[in-house]
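Take a look at the structure set out below.
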Amino acid sequence: MDFSGLINDFGPLTVTGLAQGAIIALFALGYTLVYGVLRLINFAHSEVFLLGTYATILTWGLFGLDQNSAAPSVGPMLLYMVVGLVAAIIVSGAAALTVEFVAYRPLRRRNAPPLAFLITAIGASLFISEVVGVATHRNQTGVPPIIQARPLFTIGDTTVTNLQVLIILLALVMMFALDRFINGSRLGRGVRAVAQNPDSAALMGVNKSRVIALVFLLGGLMAGIAAVMYDLKIGVTRYDAGFLLGIDAFTAAVLGGIGNLRGALLGGLLLGVLQNYAAGLFGSQWLHAASFVLLVVILLFRPTGLLGESLGRSRA
Amino acid sequence: MSEKASFRTNGGVRGWFGRQPWYVRAVLILFFTVLAYLLPYAGDVPLIGPQIITEGIDWPSALFNMSYYVLLALGLNVVVGYAGLLDLGYVGFFAVGAYGTALLTSPDSVIYADTGWKWLMAVPAALVLTMLAGVILGWPTLRLRGDYLAIVTLGFAEIIRIVATSTSTLRGDRGFASIPHPPGSWNGEPIFGVTDAIPYFWLGLTVIILVILGVRNLDRSRVGRSWLAIREDEEAAEVMGVRTFKYKLWAFAIGAFIGGLGGVLFAGEQSFINSQTFVLQFSILVLAGVVMGGSGNMAGAILGGVLISYIPDRLRGLSFGDTDLYEYRFAIFGAAIILIMVLRPQGLIPSRRRAMELKDREKEVAPL
Amino acid sequence: NSSSSSDDTASEGNCGYKLAFFGALTGSAANLGVNIEQGFELAIDQYNKAKGSTCIEVAKFDSQGEASVAPGVARSLVADKKILGIVGPPFSGESEAADPIFESAGIPTISPSATRVSLSTKGWKVFHRAVANDDAQGPAAAAYIKDNLKATKVFVADDQSAYGAGLADVVKSKLGALVVASDKTEGDGKQADFSALVQKVQSSGATAMFYGGYYTNAGIIRKQLTAAGWKGTMVGGDGMKDPGLSKASGVQAAVGTVVTCPCSPPEAAGGTFVNDYKAKWNQDAGTYSDVAFDAANIFLQGIDAGNTTTTKLNDYLKTVNYKGIANTYKFTETGELDPNFIKVWAFKFDSSGDAKADVEIKTS
Amino acid sequence: MLLEIDNVTLAYGRIQALHGISLTVGEGEVVALIGANGAGKSTTMRAVSGLRPVSQGTIRFDGEDITKLRADLRVVRGVSQSPEGRGIFPGMTVRENLEMGAYTRRNRSEIDEDMERAFTLFPRLREREKQAGGTLSGGEQQMLAVGRALMSRPKLLLLDEPSMGLAPMLIQQIFDIIVEINQQGTTVLLVEQNAQQALSRAHRAYVLETGRIVKEGTGADLLNDPAVKDAYLGVA
Amino acid sequence: MSEPHQETPEELDRENARPVDQPAPTGGTASSPATRSVSGDDVLLEVDHVTLRFGGVVALNDVSFSLRKGEIFGLIGPNGAGKTTCFNAMTGVYRPTEGAIRFQGESIVGKKKHQITRGGIARTFQNVRLFPEMTALENVMVGADAHHKTSVISALFRLPRFWREEKSGRERSLELLRFVGIAHRAGDVSRNLSYGEQRRLEIARALATDPTLLCLDEPAAGFNPAEKEDLLQLIRRIRDTGVTVLLIEHDMRLVMGVTDRIVVLEFGKKIAEGTPAEVRDNPAVIAAYLGVPTDAA
C-alpha cells in the first residue's frame, strides 16, 4: 500500500474523480428513473449511452472533425458543443424510447413477469452493442479534440481544468432540473404515482404509458449528456464502453438508493472519487473492485442505499 | 367455481407424459437418456446429423461445452428459479470451483508442492470450497432485498475476477497450466485424454443426471415448498414459520455447489484456466439461458443452457455470403433473446405453474 | 518420400495436404491474428500458383484468442488428418490451452508471435516459435529507454495480461533504479478512465513510460496522458505495434511513441513480399505478417522435400535452417529461435499514424 | 343514463367472474351493488373504471362508449374510484395522496377548497397530513382512499366497500357523507357488504350472484325482500 | 413413482367427498381437546407495559393486558388505535420501544418471526397475504412444515422422515381445508380463490402451524352478515379444539357474539377491559368507539 501516493496526489485524484463521478451520476439517473417506476434494471441503458457517444463523434465528423483535427477556437467550439449535445440527446433519447417500444412494451402488453423484462433488456443491450461492435470491427474510435483541457484555477497545488468544471457543473445543473421536475411538477408527481401503485395511478387519471415513455426519455437525455462528457473526458469510445461504464453507473444508483435521484448524484460522485483513491492507494487494477467493496459495505449498513428509495414503492 | 384447475391435467406432450403409467415413463426416460449418451455420434446419422453438428468446433467438444453450461443453468435455476434470488454473478462459483481444482493440482500453484493432488482428490475439496463461497457470499447479503442482491452478487463475481486477475497467487492471465485430467485408463490409454472430448461429455452428462435427480428431490419436498413460499411473499413465509434465511442460504449453497461442479469439470477438461474466462458477460448469458428456457423448471433450464452454448458454437465457421456469421453471433443472439421473450415471456419450457400464471395474467392487461 | 503411397493421386508431387492457421480471426484482438493469417495465406497462395494447382489447402481455425475456446477448436483441427502443420497460435494464453492437444496429435506448430518464455519449457516436441521470446524483447526495450531515450526517470505499467505483465517485469528488472513508480491497469475493454494512472505518471516526474499491453488500452492512455499535458515518451512492446493506437489517440498524440518488436520491419522484408501482400489484401503488411509468411514457407519447403507426415515434418523442423524474407530460422532443442538469429527492432509512430522502423536494438 | 353496462362478461384467466351483466346508473342516483364474496362486485367496478378489460359487452358513460377506453381517460371523463384494497400511494404523504386525486384538474383554488373539505370530513387525515400513506392504519387508509376519490370532483363516484375496516362510529359517518355528496350532485355506484346501510341509503340496488345479476329494485324494496334479507342482511 | 404432494384430481375429489364439517384434530402440543379448560386462569400471553413509537406517533402507550389459555379475546378500538401494531409487536414484526411481551412465561421480544410462529403464535393479515401461485393445499402445507424436521439431506436422499412427514403433513393440511370449508378448492392456486375463500385459507394455513394462540386481524372485513355468521362458528370451533384466539374486529355483532373478554384501545392506550357486556356499556367505549349504543346490539 502506497499511502504517500494517495496523499501527494490527493487533490488531483479528488478532482478527476469528481469529474468521472459526475459522468457516472448522469448515466445513473437513467437506471434510477426506470427502476423507480418499473422495478426494472434496464440493462439496455448502457447502450443508450453508447449510442450517444457515437452520435456525438459522428456529428462532429460531419463538420470534418476527427481525432486528428486541431482544437477549434472558442466560437466554433461552442457551436460544436451545442450541436454535439443536441445530437447525443436526440440519439440517446430516441434509442431509449425505441428500446421501450420494441423490447418492453410488448411484454407489458402481455403482463409478463419481471424476469422476462430483465432478459429482454439484456438481449437489447447485447444486440445494440454487438451491432456497433461489428460495424466498427471492434476498433476504438477517437474523439476530436473539441475542448482542449486548460487549467482554470488552482486550489492549493491542485489545478482544476475547464473541462472538469464544465462536467461537474453540467451534472449538478441537470440533476437539479430533473429533481425539480420529478418532485415539483404535476407530471413528475404522476411519475411517482406510477412508481408506487400503477393501478391507483391510472385511477387518478395518470397515463401510464406516457409516464413510462417519459421516464425512458428523461433517462435517455441524461445519458446523452453523459455520453458527450465521456467523449470529451476519455477521448475514445468503443462498442463495449457502455457496458463498462454502465456497471459503474448502476452501482452508483444502488449505492445512493435506487429510485432516488439525489442518491444517484451522491452515489456517482462518491464512486468516482473512491475509485481514484483506490487506484492511488492500491493500483489502478483495483479500482472497480474498490467500488464493489464500497457497495457491499454500504448495503450491509444501509440495505436500501445511502439515501434510501424515494420513487419506489415500498412493498405493502 | 366450475373449474377443476389442476396442474396435472395439462395438454400437450407434458400432459400426455404425465398420464402414462410409471413403466411407460421409465422406458421413455431410459430411451432418451441412452440417446443423450449417443449424441457424440449424431454426425453419423444420415441427413439430419450433419445439420446438427458443429463445424468450426469439434462436435464432442461442443457437447462438453454444453454440458457445463447446462450444469451452470441448473444451478442458477435453483437460485433464481426456485428461491427467486436474482444472482447476476453466478459465474463466480464456477470460477471458485475451477480455481479450487487448479490450486490443488496444477504445478503452477503455490501450494502444489504440498498437495500436488490428482483431479479426483481435488474435486471434493474444490466443491466444499465453492459451497463455502456460497455461504460467505450469502451470509451478509441475503438479507438484502431482491434487486439489491442482484448488484451485490454481480459485484462479488467481479471482485472474484479482479482478484483472480490481479493477485500473484491466482496468476491472473498467466493462468494455471497442466491441471490433471480425470483418472482412469482403458487398454492402457487414459480415458480422459486431450484429443477426444467424448469421455468428458459422458462424464458431464452423468453429473447432470445426478444433479437433476438431486434437485428434483429437493424441489418436491419441504425445501422446495419453502423456496416457493419465499419467492411469493417472503414476510408471510417467515410469519408462517419458514426459516427464510436458512433456506435462502441453502439455495445459494446448492447453487454454488452445482456451479462449482461445472468449474471442476471445466478445469479437468481444459487443463488450463486463466482469469479471462470468468467475465461478467458469462454470468449474464447463463441467466439469460435460464430465463429463456423457462426459469423454475429444470427442463427449461437445460434447454436454455444448451441453447446459449450451442447457438454460438453452431454459428462458428458458418458464413452467409461473404460474412462470417460467427462474428454476428451475439448480435443474432441478442435479437433472438428479445424475440423469444416477447413471444414466450414465460420461457420456452416454463414450469406448469408459471405457464398458467402467465396465461392468466395475459388476459388481465387493461387497455393500454 | 518412401512411405507415402505413390498410388494416391492426391499426394502426387506431395500435394493434397493442408496447412492450418490457428488463432484469432474475430474478437477484440482480431487485428493481430488477421495480420498473421494473411501472411500465412499469401505464402500458400504463391506456392500453389507456382505449382499450378491447389496443391496445399489452407485451413483456418478461429480461436478468438481465448484460452477457453481454444481446446474445442484445436480438437476439430486435429480431427482433420490432412493437416500437416500449423502456423499459430499467435497468443501465449491460447497456446497454453491448445498446444497440449497439438502435441498429443503430433502436429508441428510454428508460432510467429507467442512470446511467453515458459511455452518452450513444457517439453512439447511440436512447439516452435519463429521470434524471440520476452526475455529478449524486454531487455531490448529497457536498453532503448536507457540508451536512446536517455531517460533517468521511468514509469512502468502493464495491463496484467500474461504477455504485458511478463514484458513489463523484465523491463522493470533491467531498468532497476531508473523506475520511479509503477502501476497496473485492467485489461482491454475493462477500463477506460485512466486518470489515476495519468496522475501518477505526472507526479512521478517520469520522462518515459513503459506500458506492457496491447494497442487498445495503450491508445486511450496515450491520449489521456497527452490531454493532461504529460510531455514524456511512451514505450511499449509488439502488442502496441498497430495503427489502432493512433486511431484512438489521434496521430499528434501518438507521434513519438516507441514500440519494440522481436521482428524486423515488414517494409524491409526481402523479395516482393511487401507489394505482393498489398496487392492481395489491399492493406499494408502488419505486425508479424512477414514472420507468418516465412513460417508457412518453412512448412511448404518441408512438404516439398517429401515430409508428408506430421512426424516427418516435425523432425524436419528440428534440422531446418531457412532463410526467409524477415529472418533466418533455426530452432533449438526446445523449439526456440536460435539465439544467433534473434532480432529486436524499435519502431516509432510518426505522422502517418503507423509505427515506422527506427533502429535495430542490439540484444547483448 | 349516466352509466350503462350492457351484457358485460369478464374473466380472470380461466375464471369467469362476470357472466354478462347489465345495469344502469342514472344521473344523480345512488345505486348499490350487493352480493356475497366472490360474486363479482369489485370486478364490475374494475370494469367500469377500466382497470380490467372486459371480454364482451359494452360500457357507456354519459352517452359515450368507453368499453375500450384507457382507465386514465375515463377519469378525465368524470369516473373516479375508491378501490378495494384502498390503493394508497405508500411513499407519498397524506397530502400528496390527496393531491393525486386532483391530478386531472388544474384550478388551484378549487383543489385547495376540496382538500380542505377532505380534511374536514376526516379530521384524522389532517392530523396525519405529513405521514406517509403506507404507514397509516387500515381504517385511516380507507378514509384517505375515499377522500382521494372525492378530490377529482367526479360525475360518477365508484366506492368499493368504503366502510371496510372502519370503526362503528365512522361507518355511520361514511354513509352520511355518501348521501351528502350525492345531494351535491355526484352520482354514486356503491359496493357494500353492509347491505343494511347501503340499501337504506341507495335509490336503487342490484344483487349480484356468481357473476350474474339476480335481482334489482329500489333500495327499500330489496331491504324488505325476504330472500335478500335472508342472504345478505343476516337478520336472525 | 408416486410423488408425495402430487394429487391427482380424482384423489382430491375423493377427499372432498368426506363431510366438510368434521372437526379438525389438532396436533396441538400445548393443549389437546382433553385438557382444554376455558375456565382455567393460567395466563398464556402477557403484554406488559408495552409502548411503541414511530417517530412522533405513539402507536401503543403503556398497554398491558393478558390472555388466558383457551379463551377468545377481542381487541377493539377506533381506527389507528394501535390494534394492528399490537399484533405486529406480538408476532415479531415490530419491536416494542418499551415493555415486555411474554408468551407462556417466556419473553418473545426480539425473537425472529419464524421462531415466534414455531413457539405457538400464528396470525393472519389485515390484507390477505397468501402465496398466490401455490395451490390452496400447498399454502397450508407451508404452514404445516413449521413443525417438520425434514432437512435438506433427508429430502435429497428421500430418507424415511421425508416420507413420513410429507404424508402426515398432506393429510393434516387436507383436514384443515375441510375444517374451514374449502376442501373443494385444494388443487386451485390461491390467487384464483374469492376473497372470502382466501380469508378462510389464511386461517387454515395459520392453524397448520399448530398454534397455541391464533391471532386474527379483521377476519370478517368484506364479509356479509351471513358469511360473518359462518365465521363466528368457525372461530368457535377453532377455540373448541383448544386454540386460544385473539381477534381484532370492527363488527360488533361478531365481537360481542364470540369473545369471552375484550380490551379496548384508543390512541394507543387501553381504555377498558372486561366481558363483552361490560365493555358494551362502558361510557368511555361508547364515546370513543361505538357511538350510539344500540348500534352494537
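Residue numbering begins at 1 within each chain, and the chains themselves are lettered A, B, C, D and E in the order written.
Here is the rule we use: a residue touches a chain if its C-beta (ideal position, glycine included) is under 8 Å from a C-beta of that chain, and two chains touch if they have at least 3 such contacts.
Here the structure is a predicted model, which means the values were calculated and not measured.
Asks: What are the mutual neighbours of chain A and chain E in this structure?
Replies: The shared contacts of chain A and chain E, listed by label, come to B, D.
Asks: Taking touch as defined above, what minimum step count separates chain A and chain D?
Replies: 1
Asks: Tell me which of B-C and A-B has more C-beta pairs in contact.
Replies: Between the two chain pairs, A-B has more contacting C-beta pairs.
Asks: Go ahead and note the Å separation of the Cα centroids belonging to chain A and chain B.
Replies: Chain centroid spacing, chain A to chain B, equals 32 Å.
Asks: Return the distance between the CA-based centres of chain B and chain D, expressed in whole Å.
Replies: Roughly 50 Å separates the two chain centres.
Asks: Using CA atom averages as chain centres, what separation in Å is found between chain A and chain C?
Replies: Each chain's C-alpha centroid was found; their separation is 39 Å.
Asks: Among the residues of chain A, which ones contact at least 2 other chains?
Replies: 202, 208, 283, 285, 288, 316, in rising order.
Asks: Of all residues in chain C, which are in touch with two or more distinct other chains?
Replies: 160, 184, 186
Asks: Which parts of chain D, given as residue numbers and ranges, touch two or more other chains?
Replies: Residues 12-13, 15, 50-51, 70-71.
Asks: Inside the complex, what are the residues of chain A that reach chain D?
Replies: For chain A paired with chain D, touching residues are 186, 189-190, 192-193, 195-197, 199-208, 309-314, 316.
Asks: What residues of chain C sit close enough to touch chain A in their complex?
Replies: Chain C reaches chain A through residues 27-28, 30-31, 157, 160, 181, 183-186, 189-197, 199-200, 203, 216, 219-220, 223-224, 227-229, 244, 247-252, 353.
Asks: Provide the residue numbers of chain C that touch chain B in the complex, in ascending order.
Replies: Residue list for chain C touching chain B: 25-26, 61-62, 66-69, 71-76, 78-79, 93, 96-97, 100-101, 103-105, 122, 160-163, 165-166, 184, 186-187.
Asks: Quick one: in the complex, what on chain A touches chain B?
Replies: Per the stated touch rule, the residues are 35, 39, 41, 43, 102-103, 105-113, 115-116, 118-120, 122-128, 130-131, 133-134, 202, 208-209, 243, 247, 250-251, 254, 258, 283, 285-286, 288-289, 291-293, 295-296, 299-300, 303-305.
Asks: Inside the complex, what are the residues of chain B that reach chain A?
Replies: Contact set of chain B toward chain A: 80, 86, 140-141, 143-145, 147-148, 150-152, 154-156, 158-159, 162-163, 165-166, 280-281, 284, 287-288, 291-292, 295, 327-328, 330-331, 333-338, 341-342, 345-346, 354, 357-358, 361-362, 364-366, 368.
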